[in-house]
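To start, I am sharing the structure in question, which I have written as C-alpha cells.
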Amino acid sequence: MSDVYKLIEIVGTSTKSYEDATQNAITKASETLKAISWFQVVEQRGAVKDGKIAEFQVILKVGFKLVD
Amino acid sequence: MSDVYKLIEIVGTSTKSYEDATQNAITKASETLKAISWFQVVEQRGAVKDGKIAEFQVILKVGFKLVD
Amino acid sequence: MSDVYKLIEIVGTSTKSYEDATQNAITKASETLKAISWFQVVEQRGAVKDGKIAEFQVILKVGFKLVD
Amino acid sequence: MSDVYKLIEIVGTSTKSYEDATQNAITKASETLKAISWFQVVEQRGAVKDGKIAEFQVILKVGFKLVD
Amino acid sequence: MSDVYKLIEIVGTSTKSYEDATQNAITKASETLKAISWFQVVEQRGAVKDGKIAEFQVILKVGFKLVD
Amino acid sequence: MSDVYKLIEIVGTSTKSYEDATQNAITKASETLKAISWFQVVEQRGAVKDGKIAEFQVILKVGFKLVD
Amino acid sequence: MSDVYKLIEIVGTSTKSYEDATQNAITKASETLKAISWFQVVEQRGAVKDGKIAEFQVILKVGFKLVD
Amino acid sequence: MSDVYKLIEIVGTSTKSYEDATQNAITKASETLKAISWFQVVEQRGAVKDGKIAEFQVILKVGFKLVD
Amino acid sequence: MSDVYKLIEIVGTSTKSYEDATQNAITKASETLKAISWFQVVEQRGAVKDGKIAEFQVILKVGFKLVD
Amino acid sequence: MSDVYKLIEIVGTSTKSYEDATQNAITKASETLKAISWFQVVEQRGAVKDGKIAEFQVILKVGFKLVD
Amino acid sequence: MSDVYKLIEIVGTSTKSYEDATQNAITKASETLKAISWFQVVEQRGAVKDGKIAEFQVILKVGFKLVD
Amino acid sequence: MSDVYKLIEIVGTSTKSYEDATQNAITKASETLKAISWFQVVEQRGAVKDGKIAEFQVILKVGFKLVD
C-alpha cells in the first residue's frame, strides 16, 4: 500500500538559537518516535528577562512515516 | 536539558458558552494528560436547531510539557 | 440528489456577550430562513464608550440546506 | 481635516470569561487613553492548572481617534 | 457529559488521485482509531518524475470522538 | 455601465469526488441563478463512516453577473 | 432588539480606478438594497490588453442592516 | 549599533481616494513622529450613505527609525 | 555546494479534473524545465457555462533544482 | 491541448497612485512578455519623506498564457 | 486587578543572524520599557549587496506588562 | 521612468543554519541575476535523519530591479 505519514506539533526551547531549539525538540520526540523525517517551522517566539533574550522557542510540525 | 512541549488539537462542546465548551475539552483531555498548561482557540462554531443555538463548539490547541 | 447547502454572512450585536450576539443574529436570520443548521465565527469585535464595552459584535457564517 | 485613528494591541486576562478579560484590558488602557471607541479580537488563549482553566487571555486591537 | 473530539494530522499518498490518497490515509489511521467521523483537507501537493505526476499527496486533519 | 458581479458561498456533496460535489452544487444553484460563470474552491472536507469516505464536501464561492 | 447586519460579496469593475470600480458595485447593489452602510475590500485584480490595464476589478464585502 | 525601527498602526480617512486617506494619516502621525520612512496597507474599507461612498478608510502600518 | 531549488507558479486547465489540469500544467512546463520534482496546489477554480463545469483550473507552485 | 498560464510577481512604483504604479509594472513586463492578460494585487506599500508620500509601491502577480 | 499587557511591533537589524537582530531590537526597546517579557517573530527579511547578505531584519511583536 | 522590480521564489539548503541556507540560495541566484537587493523568508523547513537535523531548508522571495 502507498505510504502514510503523521504530523505532530511540538515546541522546542533553547538559550542559544532557533536551530538549537529545533534540535532539542527533535531529540526529545525521537525518544519515542524512530521514523521522524522532516519538520516545518510554525512559529518562533521567545522569553525576555532584564532586556536579554532568556529563551528561544520554536513551534514545529514534525512528520514521520506510519509503519505496519 | 531544555523543556519540550507538545500541542494537540481537541474540540469541546457545550450548550452554554465557549468558556464551558473549553473547560469540557480540557477536563476530558486531563484524564490522560496530567501536565496541560495552556490552550489557544483555533476556531469557534456551533449547531443550530429551530432557530436556537443547540451547541457551542470550540476547536483548541492544548499544550503540555513532555516529561522524562 | 445529494444535499447542497448555502452559507450567508451576518453580524449580530449584544450588550451582554458574544453568545448572546450570536443568538440575536440567528433569531433574525431565522425569520426568513427555516433550515439554519450551523454557524462559524468569522470575527469578534465591539464598541466602547467611556471606557466600557458598549456592544459585542460577532460576524458569523451561517449554513442552511437548500431545499427542493 | 478628516479623522485619523490609532490602533494599539493589548492583552487582557480574567478568571471568568473572554468578555471580562476584554473589559479589564479596556479599563486599564482607558486610564491613559480617553477616546477608545472600538476593539477587534486578535486571538483567544488561556492558562490551565490541574485540569481547570486558570485564566482567559484575549489579545485585542483597540482603536481611538487622534485628537488635535 | 458533552462530547469531546480530537483532531490529528496525517498525510496520504496515491498514484491516482487526491480522493484515493485521502482514502489511503483514512484506511491506515482506522487501524488504530475506530471512531473517525470527518476530515478536512489542509494541503495538496505531489511528486513529479520525468514530467509525469508520480504521486498525489494530501495533508488531512482527521476528527474522531474521544470515548469514555 | 461597467459590469458588476455577485459571489455566493455554497456547499456541494458527493459520494464520488470533489469534482462531482462541485457540479452538484452548481446544478442546484443554477435552478435559480442563470448567469453563473465561475467558481473558486474555499475548502474541501468529508465525512467518514467505518473507515471509508462516506461523502466529499466542497465549499465554493460561485460568481455571476448582475443583470439589469 | 439589538441590530443585525448582513454582508454580501460583490465585484465592481471600472476602466479608471479601484475607487470608481467600488462606486460602480455599490451603485448596482443599491438598486435592490437601500440600507448599505459600509464596505471592505477583499481583493483587487484587473485585466490587461496589449500592455495596458483594460479594467480594474475590486471584490468587496458590503454590509447593510436587516430591517424589520 | 545597528538600526532599530518601530511600526505603529493608524487609520486614515478621506472623501476622495485611498491615496488621500493615506496622506492624511501620515500628515497627522508626522506631527509627533519626525522619522516616518515607509508604510504598508493592512486593510481598505469605507462608509456608504444613500448609495454613495461617503468615506474611504485605510488601515496602515507606518515604520520609523528609533533614534538615540 | 548544497542544493538550491526554484519555485515557479503556473495555472493548468482541464475539462476533466483537477488532477488532469495539474498534469497539463506540468507537461507544458516540462518542455523547457527538465528537473521538476514537486508541486503544491495554491488554488482551485473553474469556469461554468449553462450550469455545467466548463473548465477546472488549478494554480500550482512547481519546484525544480537549479543545476550547475 | 488545454491552456497553461504562468504567474510572475513584480513590483511597480509611482509618485502618483497605485493605479499608476500598476501600469508602470505592466508596461515594463510587457517589453519581454507579449501575452499578459490579468493581474492580482498582492500588497500595497509606500515610501515617506518629510511627512509626504514619496512613492507608492504595488506588488502584483501578473498572468500570461504560455504559447507553443 | 488582573494583569494587562501591551504588544508593540519593532524591527531589529544585524549583519550576523536573526537571533542577533532580535537582541538588538530588544536592547533598544528596553531603554524605555523595563518590563518586556516575551516576543513573537512576525517576519524575517534581509538586504543583499553584491550577492552577499548585507543585513538580517526581523519584525517582532514584543509584550510587556502595564504596571500601575 | 519609475523603478520596477521582480520577485522570484527560491529554496536554499544548508547543514548548518537558516542564515547559511539563505546565503547559499542567494549565491546561486546571483550567478545569473546581478541586481538582487532584498529577500523575505516565506517558510523554514528541514530534513531529519536518525534524530538529528540533516538539512535546514529556507524558502525565500528574492527581489531585484529590472534594468533597461
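Letters A, B, C, D, E, F, G, H, I, J, K and L name the chains as they come in the text, with residue numbers starting at 1 for each one.
In this section, a residue touches a chain if its C-beta (ideal position, glycine included) is under 8 Å from a C-beta of that chain, and two chains touch if they have at least 3 such contacts.
Here the structure is a predicted model, which means the values were calculated and not measured.
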{"item": "Chain whose Cα centroid lies at the greatest distance from that of subunit B", "value": "J"}
{"item": "Which listed pair, G-H, C-D or F-G, duplicates the contacts of A-B in over half of its pairs", "value": "F-G"}
{"item": "Angle, in degrees to the nearest 5, of the Cα rotation that carries subunit G onto subunit H", "value": "120"}
{"item": "CA centroid of subunit H to CA centroid of subunit J, Å", "value": "22"}
{"item": "Between subunit G and subunit A, distance of the C-alpha-averaged centres to the nearest whole Å", "value": "44"}
{"item": "Whole-Å gap between the CA centroids of subunit I and subunit L", "value": "22"}
{"item": "Residue numbers of subunit J (touch at least two other chains)", "value": "8-9, 17-18, 27"}
{"item": "Contact pairs between chains, per stated definition", "value": "A-B, A-E, A-K, A-L, B-C, B-D, B-E, C-D, C-F, C-G, D-H, D-K, E-F, E-I, F-G, F-I, G-H, G-J, H-J, H-K, I-J, I-L, J-L, K-L"}
{"item": "List of subunit K residues in touch with subunit D within their complex", "value": "1-9, 61, 63, 66"}
{"item": "Parts of subunit E lying in touch with subunit F, wherever the complex brings them together", "value": "17-19, 22-23, 26-27, 30, 36-41, 62"}
{"item": "In the complex, subunit C residues that touch subunit G", "value": "8-15, 21, 24-25, 27-29, 55, 59"}
{"item": "Of all residues in subunit D, those that touch subunit B in their complex", "value": "16-18, 43-49, 51-53, 56"}
